[in-house]
Each structure stands twice: as C-alpha cells, then as structure tokens.
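Okay, so subunit A shows up in both of these, paired with subunit B first and subunit C after.
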Partner chain A sequence: MNQTFNPASIHQAIVEQQKAQDRKKMIVNGVLLLLLMAAPFVMYPVFLMKILCFALFAVAFNLLFGFTGLLSFGHAAFLASGGYTTGYLLSNFSGLTTELGILAGTATATAMGLVFALLSIRRQGIYFAMVTLALAQLVFFFFVQSEFTGGEDGMHGIPRGELFGLINLEDNLNMYYFVLAVFIACYLLVQRIVSSPYGQILKAIKQNEPRAVSLGYNVDRYKILAFVISAALAGLAGSMKSVVFQLASLNDAHWHMSGEVILMTLVGGMGTLLGPVVGATFVVNVEYQLSQGPLRDWVDPILGGIFVLTVLAFRSGIVGELQKFMRKNLG
Partner chain B sequence: MSEQYVLETRNLVKEFKGFVAVNDVNLQIRQGDIHALIGPNGAGKTTVFNLLTKFLIPTRGQILYRGEDITPLKSAAIARKGIVRSFQISAVFPHMTALENIRVALQTAEGSSYSFWKSGHSLHKLNERCMELLESVGLAEFANTTTVELAYGRKRALELATTLAMEPQLLLLDEPTQGMGSEDVDRVVALVRKAAQGRTVLMVEHNLSVVSKLCDRITVLAQGAVLTEGDYQTVSADPRVREVYMGSDGSGERGAQAPNQENVEAAQ
Partner chain C sequence: MTMIFGVPLAVLSGQLLIGIINGAFYALLSLGLAVIFGLLKIINFAHGAMYMLGALVTVVLFDLLGVNYWVALFVAPVLVGAFGILIEYFLLRRIAGQDHIYSLLLTFGVALIIQGVLTNIYGVSGLRYSMPDLFKGGINLGFMFLPYYRAWVIVVALLVCFGTWFIIEKTKLGSYLRAGTEDSQLMQGFGINVPLLVSLTYGFGVMLAAFAGVLAAPIYSVTPVMGSNILIVVFAVVVIGGMGSIGGAIITGILMGIIEGLTKTFYPPASSAVIFLVMVVVLMIRPAGLFGKEA
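== the complex of A and B ==
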C-alpha cells in the first residue's frame, strides 16, 4: 500500500477545504446583502420586491428540483394559496397584523404541500410531474369557482397594514426591508439545509435512489420533508407578493406560473444556490423591459426562445456556467 | 431447526405477467458461509436478490432472517436489520467524494439524517471512521476525490466499503467482479474474503474461478428453480450443471466467464 500519505492529514485537508468554501459563501452572501440593502435608493422598491418574491419562489422550487431531483409542475398552487390566504385574512380581519397574515398564508401552503407530497411522492419522473400538475389544476379550479378570491377579477385592495402593529408597511421602503429580511432568512435557511446532514441524504437520493434505499433510508420520507419545506417557502413568497402588490390574482395559480418558475431556475442554474435568484431577476427584468417596448406582444416567444437556448447550449444556467468558467480559469 | 440458518427462503415464487422468473426456491444460508448463487443468464439470480431485499415483491413464499419472518418488511427496514446489498451495476453516489459516499452509510446509524437545521460541520465526527473504512479497501488517498473520477475497480471497492459501513450481518453482493480486469478481480476477491470475516455473504457471481476460490457453498439456479446445491467439487462434477451452465456446445468456462450484460433487471 501507499505509504506517502496519512489519513489524518487528508481529513485535515477536507475540513480546511470546507471552511474555505464556507468563507467564500460568506463573502458572496455579504456582497449580495450590501447590494440589496442599497438597491432601493437606485431602483424602484416595488419592482425590487417583485424580484425578491419571485427569487424566493424560485429558491423554494430549486430546493426540490435542483437538490432533491423532483420536478414539480404544480408549485403555482402553493404560491397562490399563500397569497389568497394572506389576502383574505388581511382584508377581512382588521385586527390582524401583517406578519400573522403572512404566517397563516405560509401555513396553508405548507399543509397543501403535505397533501400534494403524500399523493405524489411514490411516482417517479414524468408521472410525479403530472400528478403535481393535476393537483395544482384542481386547486386552480377551486380558486376560479370560489367567491372569496374574486374569480377572474382577483382580490384587490389588500391592506399592507403594520408589521408587529408598529411599522407602517404602506411606506415602500419599510416594506422593502421587511421583504428583504424574510428573503435573506429563507435563502440562508436553504443554504443551511443543503449543507446539513439531511442535505447529504437528499444529495444521495438524487444521485442514486436505489442505493440510498439499500443503505436503509426510507427515501419517501426524506422527499416528503423536502417537498413540504419547498411548498412552505413558495407559499411564503406568495403571501409576501400579495401584501406587496395588495393584489392576489388567478395568474399566480395558473400553470403558466409553475412553468415560469422552472424557466427561472433553469436559466439561473438549477442545483446552485444563487442560480434561482439570478434566474428570477433575469426573467422578471426581461418581461418588464419587453413589455415597455415595441416587442410587448412577443414576451412569451422570446422567453421560450431563451428557454430552448438554455436547455440546448447552457444546461447549467447562468450561475452554473459561470462557476464552470471560474473553475477552469482560476484553478 | 431454522436457527442455524441466517437466511432462509421457503417456496419463494415471483411471477411476471405469465412468466415465472423464480419458481419455488428454497435457499438456506448458513451462518458464516460465503454462499454463491450461480446459473446461466436469465436463471433468476438477480431477481432472487431483488426479492430478498424487497426491490421486488414476492408473489408467494416466505423469507426468514434468523428464524424471523421478514417477508412483509420494506427495503429500507431490511437494510436496517443488517442485510445490506450491493448492485450489479456499480452503485455509488457519483457526484460526492469517496469520503462522503461512506458517510452517507454511517449517517443511517448516526440518527441526524433528518436534521435539516444542523451545520454540515457536525458530520466531521464521522470522518475518522470513514477514513478507516477507506483505508481497509485501499482508497484512503482518494478520500477527497469525486467518485465519478475513480476507475471502475475503485468504484466497486468504494461500494464495498460503503456496504461494510452499515456493519451488515449478511452481505448480499451482486456480481462484485463483473466487468473487471484480472488484477481488479484478484483485489476484489481479497476484499470480499476480508469482509466476510465474522459475517455471512451471499453473492451472485459469474466468474467460476472466483467462486471456486471464495465460496463454501454454491446454489445453482436454472430457469428460476434450484438445480443443485453443494460445495464447488460436488457442483462442478454434476453433469446437469455442466449442461445448463456451460451450454451443450462445450464452450466451457470461457463462455461462462463473459461479462453478463443481459440482466438489466438490476438497473431497476
């Protein structure tokens, strides 16, 4: 056997390497935080909040798609049920503070996520995607038919209210920093989950499910937990979005929305932490810029083209390709 | 009576739509043996493996582990009982390092596998044991190498180390030398022999020289049923075995040793 190495030093190197990676993550997080803190002084806060809400939605989706390997085609249901629940409660119970309304919306999406997961988790691949799509269509139908959602008109004039009964959220800057705080907390949570002991098992399941089973893991339970966390965060994104825009509409429940979050995640880079954030920023910006100009009727075909290009030529997305490039050129 | 057997099957049957893949198989694996399951392509060896570990559900019959009926248990529960299998096609986690591969197996017993709020650093306490296991299969220097980059023989060695990390009582190896060159085969034979100390091993194997070197007892399957059973001398002297296993064209052991690409059922 080889005598030149020593296991303790290899172990040391592995720990050091992980610490170095953690430091790098901290730096990226820090830079990102500073940029986002300064952003509302250069850009319109409501537009930024739109980006943050969609970024959180995509981060939630990516936890399931990129890190667990489950393609859900029904995430719009969680976004919408979060949004409608929060909207309904804040509109009808004036005593309720905003954060409680948002929590209730998140809780609804979480419960719905558990039901979806229990019904779909045993199916593999395309069948899993189809079951989640079918369930999301049922939810969409429910929202169309229900009176409290306002049907095709949507739910308007949701009051932003006051955070903890203290901070007036009608002020866009206050609202922005609240949304930012929630977003950062969720982003850090997902970052933690991915590197946690549980995250290792998710990785293992994604890479070789039969092997994970043969090592004694009840993989369905791990997948259900990932699904529920993902649904909860998607619901939270929907809840915040309804407060920011003071509007909850059927758009959020439509299967287009489930498709759009896939697009955001793929364009940004699935399975990377920053990918969905970059992807959401990109897609929201492209949609906005195009809708202002002469190409406003061409938004969907152009996004479709970008999607095809990503899948064919840049499979790891913006962040993934960037990481590859840096690894190649910077060692 | 059944106490002396670690694993026993009683009248095990698996039918796929009108096709009987495993027909009335009674296996008895003695404590401490290295037991081989051999037979020509399509004899149902891998199917038996999948039945034992519940990757397939038996149509009829019973599986007993130390006298206890484990037929209704699920795959993951069987693994936690100490019956751990390997796969015909190398089963590793390709985008994790060698060390992380083994750590996944150690996490089963460690009990923090649902802790999504804990820091990844909490896993470093398992690293020492991982290094020991890697050293035992000669892979310590590759601890921090991503598994896809390892050579095929090393992947198989890693797979074995991962399986051993579960501290299995009964090791089920599905063609551990499949698709290997002769040096790798020798290394795996040595590894299996080492791993078998204090354990019971049931292995599917095509390479008869490996079987003759390693195994205490051999069961020959043909067309889903047990043809004969015994030690290598008995089995290899049996004319029926020569007929089904080597074919009537007399191509001999070379044909039997050719890697078996046909058993795609393992991929499920």
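== the complex of A and C ==
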C-alpha cells in the first residue's frame, strides 16, 4: 500500500477539499446576495439602506479596531465630514452627478483621516483613543460654527440626483441597489485587505507590536495606512447616508456616534469580517424597535446595558461567540 | 474706561474670572481622572456622570429632606463615592488586568445607563438650586465685581487639589498606592490589601468628581446631561497635562480655563474649540503632554 503515502495524491486530496470548501462558500455567498437583492421587496428600502450605511461604517471601524488593535474614539468625524461635504456639493452645484459628490465626501474624510493619523499614531492604547476623541471634538465644533453645515439645524433637502447622470436615485429601489453595490465592493475590499500580506502585518501589530518592530516592519506606516483606509470607508458611509436620507446633521459628528460604532463592532464581534455587519444590523434594529414601543425613552440606558453586558460577558460578540460554539461542537 | 487690547478692563477681568472658575472645575475633574488613570490605569468614562450625580444628589437631598449646602458638601461626595466603589467592585474588578480599552468601554456603558435613566426621571431642562445665604452678594474690587461664591469655589477647589496632590505624592498612604500600582503582587506579599486599596482609590477619584458637582450646583444648571460635554474637555485637559500626572492635571486645568476665558473675550467663536486646539499643538511638540513622562 505504498500508494497512500504518495505525496502527489495527498496534495490532490487537499486541493479537492479546498475546492469543496470554496464551492460551499460560493453557494452561501450566492444565497446571501440573492437575499440582499430581494430584501427591498419585503422591507422598507430606506431602513435597509440605513443598516447598510451603518454596517459599512462599522466595517471601516473594525478594520482599525478589530484587526489593527487601534481604538479610535473619533470616527464620527469621518462619517460627518463625508456627509457634510457630499451634502454641500450636491446642494450647491446642480451639475454634479451623485457619484462625484460621494467621491468628494470620501476624499475629504480620507484627507482628514491622514491628519488624524499623523497626529495620533505615536500614542498607544487609551492615549490613542483620547487623542482621536479630542481631534473629533475639534471637528465637531468646527461644524457647529460653520455656516455651510446649517449649525444645529443641520443640512436638509440634499438632492439625491442621478448616478452617472443616468440613473435616477430619487427612486428608492435604484438607490438601494447602488448602496448595496458600494457596500459589497467595500466589504470585499476589506476582506481582501485583511487576508493580504499587509493584513497579516496589521494583525501582527495588534498581537505584539514590539515584535513586529523587531522583525523590521515600519509599524507606524502600516498603522497610518490602516487608519486612512478606515477613515475613507467611514467617510464613504457618511456620504452615502447623507444622500439616502437627504440630510446631514450634527448627530453624526457628536462623540456619541463614535461610541455607537464601537458598540456595533463589539456586539457583532470585533476582528471578524461579518461581525460589524451583524452588530450594525442588531443595533439599528434595537434602536428602531425600541423607538416604536413603550420603551422609546429608554434607548440610551438599554444600549448602555448592552455595552456593559458585552464587555463583561460576550467580548467576542455575536459572530465571535457563534464561531467559538461551532468550533467546539462541530469540530 | 480702561481698555486692554481694545477690550474694556471690566469685561476682560470678568471673563478671566469665569475662566479661572471653569479652570477650577477642570482641575478638580481632571485630577480625579488622573488619580484613577495614574494609579489604576482605568479610563473613567463615567467621570462626567459622577460629577452630574454629585450636583443632582445635592439638589435632590435639598428638595426632599431639606439638607443644606454645607452638609451636602460632605454627604453627596460620600454617597456618590460609595456608588463608585460598588461599580468598581461589581463591574470593573471583573476586567482588571485586561486591556485598558475595556475599562473605557465598560465605564462608557455605565455612563450611558446613569445618564439615560436620570434623564427619564428629571428631564433635561435643569433643576434649580439656590445659593446658600452666606454667599449671596460679592465685593467690588474697583475694576470688577467678585461674587463671594465664585471666590469660595476657587479657594476650596485649589485647597482640595493641593491636598490630593500632597496625599498621593508625599504621604505614606500615597506611597502604598503608587507602589501597589507598580507591582501589586509584591505589595500583596508585604501584607497590604491591594484590592481594597484599588476600590478606595476609585471611590476617591469619583468623590472628587462629585465634590466638583456639589460646587457646581448653585452656579451651573443642574441637568442629567451636564457631565457629558464637560467630560470630553476634561479628557483633553488630562491629555495636555500628561496622562496620569497629578500635578500636571491641576495646573493644566486652571491654565485651560484661563485660556478659554481669554478666547471668549477676544475671539468668541473659537472658545469651545480652543482647548482641543491647544491639545493638538501640545501633542505635536510634546507627545507625552506638558508634564508627562515619555512612555
């Protein structure tokens, strides 16, 4: 029975197994995609788009927090600056197509992310969180004082316009498929980043920064890039959100928003790809359901309770706990 | 009228006074944060909520039981401090020794709960608290009017700040505290009850916040959200002073209050942002803060 030890056949068996797994994954992803495509016929599209925007926001945040280990407490700044820029441009320059407005919003958030990163990257852990928080607060006061944001009233009636000058986005279904496409593209991008060699180094930095330094990596540069990508995606989420709701307000810039995205990521499962998506869906739903019922005044304390419970008991979040459970019980 | 840089002296000194008073509150609050952070490595996001609790307890005690200001000045911080110890014992202790970030997230959740519940009970419009009779009025200094109460706030805040600094940096108890954070196992080996020390330290930091709250009750509007915005400013103050530096927190607190007051006189739109601007500049020049040691 020499055959069983034939390296070629073992290799082939592994390849076969890999292929089978890939097929399984393809089927699951295909089903998910179909569900997402069909969703607006069952649920209110604007609500779905809200979930998608926050999910993208949380995915962006998770790239930094979950995979690189940097807790930014200032991500609201990127969400808001993306939203305000897009809103301002689309409201004031009627010739501008929607995607250009969104790109400009994303670019603003990216530039702001670079500034934040350069100022904060040398600090670690809690210090990093505080510095990003204070920087975001500076941005918040800038938005409060600036005239173009409409101050406390916010920016209303942002036109959705036409995508590439062709597709009318006033139609909720068109808008939904656009948001969905952007979301999926960003999700795949993050997936690609995380599994790339670059992503491996980010994880190494999270696990043991001194070791990554001693292996010769210029850690600061890796972290700055991760921060900038995260800020860009958060800005993109904000830009899309302002187009979807035709509204940009100070709420998005307030530090509570930075806290909320942490909650979403933590509840869903930080450091997992799907976690932030699940977490955002969960939090947006909880907020919505509570606001409809007799507990409408108790949203904040209940979210706070979820926060405390998650930190104390389910630190790996919904997706993380499920993964643990499956590993234990299903081998 | 005397003018300084195009601003009447009375206006300038009035704003300076307000700045110094705000600075006194910043100093008290950032001192508590610095004590808790420096000794326990806990970022206390519930600090603003504790400050609010101090003020709210003062008002509620007066309304329900007629407890006067002087009694409240002791009772409210003790009550809130005890509450803080409960939080430390039942919640924070469970995540001790883990990444500090979790302490930040946990206390953030606690702050949301406290603020949310009290907002439902008391609303956000602000409760009234009348000034103790002794402090009504003030004296005319010639160039400005100085209300007695404000003078009292400045004096007592400075005394408490100095006392805290003295206890931690110069006494035996303080040396136990500092040693306990350096190497808690060794301290435990010497027969010192470190967990108790941790609880008391957290309680003490919270008491400082509540004490600031009592001082604030007669002059600021008392609402369940009053701690939420000042908290972020205080965080900036702590970063500027150098995280964990006790003396740095006190000096920076007062300094930032004054800078804020001056900005309000000369360029009002920037007054709420100026502290964060200072923070950015300080971080670029001295990343560890004005009084912090480079980690």
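Criterion: the second predicted complex is superposed on the first by the 302 of 331 C-alpha atoms of A that agree within 3 Å, B and C clash if a C-alpha of one lies under 4 Å from a C-alpha of the other, contacts with A are read in each partner's own complex, and residues count from 1 in each chain.
Here is the rule we use: a residue touches a chain if its C-beta (ideal position, glycine included) is under 8 Å from a C-beta of that chain, and two chains touch if they have at least 3 such contacts.
Just so it is clear, the model here is predicted, and its values are computed rather than measured.
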{"item": "Which of subunit B and subunit C A:203 touches, first, second, both or neither", "value": "first"}
{"item": "Touching partner for A:18 - first (subunit B), second (subunit C), both, neither", "value": "first"}
{"item": "First (subunit B), second (subunit C), both or neither touched by A:217", "value": "first"}
{"item": "First, second, both or neither for A:303, with subunit B first and subunit C second", "value": "second"}
{"item": "Partner chain in contact with A:289 - subunit B first, subunit C second, else both or neither", "value": "neither"}
{"item": "Touching both subunit C and subunit B, counted on subunit A across the two superposed complexes", "value": "none"}
{"item": "In the complex with subunit A, residue positions of subunit C that touch it", "value": "37, 41, 43, 91, 94-95, 99-102, 104-106, 108-117, 119-120, 232, 235-236, 238-239, 243, 269-270, 272-273, 276-277, 279-280, 283-284, 287, 295"}
{"item": "List of subunit B residues in touch with subunit A within their complex", "value": "53, 55, 74-77, 79-80, 84-87, 91-97, 99-100, 103-105, 107-108, 110, 112-124, 127-128, 131-132, 134-135, 138, 140-141, 143-144, 162, 166, 268"}
{"item": "Contacting residues of subunit A [partner subunit B, same complex]", "value": "1-2, 5, 7-8, 10-11, 13-15, 17-18, 192-193, 195-201, 203-204, 207-208, 210-219, 221-222, 225, 229"}
{"item": "Contacting residues of subunit A [partner subunit C, same complex]", "value": "71, 73, 119-120, 122-127, 129-131, 133-135, 137-138, 141-142, 144-145, 255, 259, 262, 266, 297-308, 311-312, 315"}
